[in-house]
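A, B and C are the chain letters, set down in written order, and residue numbers restart from 1 in every chain.
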Amino acid sequence: MEQPVRADHGVAVRRKPKGRAGKRLAPYLLSLPGGFWLIVLFLIPLVMMLFFALETGDVLHGYQLTWNWGEFGQQLSLHKTEFLRSIWYAGAATIICLIVSFPLAYWIAFHGGKWKNFFLLMLLVPFFVSFIIRSLAWQFILSDQGIVLGTLKNLHLLPQNFHILATSTAVIAGIAYNYLPFTALPLYVAMERIDYRLIEAAGDLYSSRREAFMRVVFPLTIPGIFAAFLLTFVPAVGDYLNQQILGGVSNTMIGTIIQTDFLTTQDYPAAAALSAILLAGVLVLIFLYGRLLGSRTIEEYV
Amino acid sequence: MTDEIDPSHIDPSLWRGLSQPRYSRRQMLKYTGMGAGTLGLAAFLAACGTKGALPSGGGASALPNAGVGTASWWNKQTLHHQLEFANWPYYIDVSHGKHPSLIKFTQETGIKVDYREVIQDNTGFFAKIQPSLQAGQPTGYDIIVMTNNSPALGYLKEFGWLTPLDHSKMPNFDKYASPLVKNPSWDHGNRYTMAWQSGYTCMAYNTDEIKTPITSVQSLFDPTYKGHIGMMSDPQELGSVGLLATNVKPATSTQAQWKAAADKLNSQKSAGLVRNYYDQSYINALKNGDTVISMAWSGDIFQANLSGYKNLKAVIPTEGAMFWTDNMCIPLYAANPLDAMTYMDYVYNPSVQAVIEDYNNYVCPVPAAQDVIRTQLKDPVVANSPLVFPTASMVALSRPYYQYKNQTELNAWNNLFVPITE
Amino acid sequence: MATVATPSTGEAVRAEAVRRPPKKPWWRGKILPTYVVLVLIYLVTPILVMILYSFNQSHAKLPQVSFKWQGFTLHWYADVDGIPGLGHAFELTIILALLASITSAIIGTFLALALVRYRFRGKGATEQVMFLNIAAPEIVVGAALLSFFVILSSNIAILHSALHPGFFDLFLAHVAFCIAFVAITVRARLAGFDRSLEEAAQDLGANAWVTFQKVTLPIIWPGVLAGALMAFALSIDDFVISNFVAGNVETFPLWVYGIVHTGLPPQVFVLGTFIFIVGFGIAIGNLLMTQRKKKEKA
């Protein structure tokens, strides 16, 4: 075998003098812009706003920092139904998204070939069109006497009183629809880096296709599932637009309450307390979920 | 070659220790330190920014607009030939990408108008301009349009964030304004506001589904339409309709009457009669047939009729319909107040108003425009519509909203009616 | 699970499998692709409805979209800039989304690299902040940013014009809520990334930048692209946060949400159709380019 040509063409080159100092600085330099942006333009304003939870007063007379910890307890007991309902809706929608997206991401990653980018783009393109337009269209499609339900009712396949809109099903379906790309994309990204030869190797070792999937592919996709869950469930819990447009009387989610407190009743301490509880609850859930997936820590997965 | 440790020579327990971070005391201190630092900074900034809207002394003389809007103040103002006008979307005439009435205004007065449709709702817009006003900064707008039934307009007046109008410069208003908007209950003597357009919060129903004519607000509580009734989520609208349904005039109602109205609305909700509490999207539910009867705004129904939904009919019930008004006002620290005054009065000229009204189809504040629309613009549909030019009987049925005396009253109202929508 | 076979049997079985692949029914390989197409059709259904009704006639002076068919017309396509402010809002939104997605893609990728490869002070805290970023209700973040900008711009003279609510504030806010999405997506790609490839490149004399450009980036590119696309989708349709910090500036979502109060003009459906057609066109164009590349390689 001939001698490989050295990139430096035989001239002795000293190892890149980045050395220890460079290595130590690297993570800070890399994370500096992101960290700075997140802290200055997100964390500090957010914490400022959350401080309203501990203050008392009103718009007219201003707010005083009274360390009113009782506000949290009060808001929690007032709205625990909405909290639980939001978790239920978001959780159901996330599971639906995961189930729907998994085969989708699987096929695109492993068998997509030249169609890969096409399908990925087409997953997102409908969502470039404004949310309001999509929702208006869904309201029209799913209306009680509309194209879908009206036809089914005329064929007597459904009772006359049946309706999809203004039910919790509609809200869950709406959330699942609107967050689908946020589930499918991370799943795809994680699957795409799995080497297909691993599956072939499993086949060579006499495993059936199902076994190959369960014991080789699936465990390797767990980081993707976790990322997909995170990017779907977490924003969905605080979402309120789907419920406002597709829901009915008893479908109120916690996001709506926060919005009403903020804008209509201008009860900033209540809104801030609810937001803080929501954020804390979500962090706890993420932590528990990460633990549940195995003995590894969250950082390993995401 | 690399400076990493050769994995095969490591004891498994060390391997585990190296690869699994544990929360050491050092890390706890680190997190606490960073957390405390952020909290401290944020707390400092929070303490800076939560002044009340009212200055600490209280009293009218200490309001930010003290001394503004007096005769001598107005005498010092000059025309700058520039106007920043913030309005609701689709609320003015439009033709081929331009607003003819604004172009004509510029031709006649030389004032350039920067028209911005940035107001989506009252409280949201108020939340946007509040920080600037509180900091003593201009909002960037010379005219804004706020609805009288929203607490936002009340706050603006109460906190002294509006510029009082110059009554010597309102000849058109004095001559042509409709009695419904002159010296109104929400702004005695038109100190701060001039109406832009008004409207009725009435009822609408689907004539294909409901064959008997609807006349009373009690139909909104009729179990025949169970599950297909639309109500509004705005607490001022919802509470007012509840009061009307208990035969109370909202403008003079008492807190005990509010409670009775809330009880009625709550029993409507628990009986499952209401499909949903809508913001402005009630119209979609009506159009699609998901609701057959609903609270509605007069102009929306007029527009819907022209868009192919001829089966929707608006009704002013016998108990009365709430009459709301979107008002032009000049926020404090506006850069071009005299230009604003010029425009606001200009719009009350009947021939000007006719052009705007022909597109708008809400209730016109200038009754004299009716003739102009009929004869010059040749649009009988608009000219003859009682939803645009109310008849005398409709005027008699117009009900003003309750005006809150203070924050406590407003809170009491909201605490009764907001939970119904949740 | 088969017991340990003797070499001869095992070889024979494998040879058998190589010579005659197991017979699959013709539809086996078609289930998944059909499923994918069905899901895409489902995603696109409301868009198709929108496209259909963008050809709907309207007789009102202030025309609105209507789902009651009143006749076919191309009028709205001809009169696309008939609504003042709409076209400008649309252009602005596209520019903002492009800027925000590119910036957050760069920053988010760097952040992801830092988080996956190194242990450093503040790593855990940064991750928590990222989770908070995704979880925080937009309304709280929006109001918080607005007060923050106003406090800064009114108290610090140099920042006054820069931080007054407007385009720059929009840009800052949009990047802020996109970074975490990008970082998490790129991380999913980086997990298990083989560092030895990079070390090999460095041993061959490449410096850090060249290594990144020629080795790391191509491998994590799908993750970066996916993250950038998500950021673009988030930014182009953001309403709640934009509403607070936009000031005088109107973006397309702000405009649309605002006008729903009175009724959407049909031109909104036309613009929606344009967005979709352009996106679809890019997808098709990419497909054709990939096909041509393959042809050239072969």
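Side notes on the structure shown:
Here, a residue touches a chain if its C-beta (ideal position, glycine included) is under 8 Å from a C-beta of that chain, and two chains touch if they have at least 3 such contacts.
In this text, all values refer to a predicted model and were calculated from it rather than measured experimentally.
Any chain bridging chain B and chain C, meaning touching each of them, is among A; the list is complete.
Looking at which of A-C and A-B shares more C-beta pairs in contact, the answer is the pair A-C.
Between chain A and chain B the centroid-to-centroid distance comes to 33 Å (mean Cα coordinates, whole Å). Taking each chain's centre as the mean of its C-alpha atoms, chain A lies 13 Å from chain C. Contact of a single residue of chain A with at least two other chains is seen at positions 39, 43-44, 48, 136, 140, 262-263, 299. Of all residues in chain C, those that touch two or more other chains are 67, 122, 124, 143, 147-148, 257, 260.
Residue positions of chain B with contacts to 2 or more other chains are 21, 45, 49, 121, 124, 127, 281, 288. Residues of chain A that touch chain B in their complex: 39, 43-44, 47-48, 51-52, 55, 57-65, 82, 136, 139-140, 143-146, 161, 163, 165-166, 244-245, 247-249, 252, 256-257, 260, 262-266, 296-297, 299. Contact residues on chain B toward chain C in their complex (touch as defined above): 1-2, 21, 27, 30-31, 34-35, 45, 48-49, 84, 88-91, 94, 96-99, 115-121, 124, 127-128, 131-132, 135-137, 140, 280-281, 283, 287-288, 299-300, 303, 306-309, 358-361.
Only residues 20-21, 38-39, 41-43, 45-47, 49-54, 121, 123-124, 127, 130, 151, 155, 158-159, 227, 234-235, 269, 272, 274-277, 279, 281, 284-285, 288-290, 407, 411, 414-415, 418, 421-422 of chain B touch chain A when the two sit together in their complex. Residues 1-2, 14, 32-33, 35-36, 39-40, 43-47, 49-50, 65, 67, 107-108, 110-111, 113-115, 117-118, 120, 122-124, 126-141, 143-145, 147-148, 172-173, 175-177, 179-181, 183-185, 187-189, 191-193, 202, 204-208, 219, 222-223, 226, 229-230, 232-233, 236-237, 239, 252-253, 256-257, 260, 264, 268-269, 272, 275-276, 279-280, 282-284, 286-287, 290-291, 294 of chain C are the ones that touch chain A when the two sit in their complex. Touching chain B in their complex are the following residues of chain C: 58-64, 66-70, 79, 81-85, 119, 121-122, 124-125, 143, 146-148, 150-151, 154, 165, 199, 203, 243-244, 246-248, 250, 254-255, 257-263, 265.
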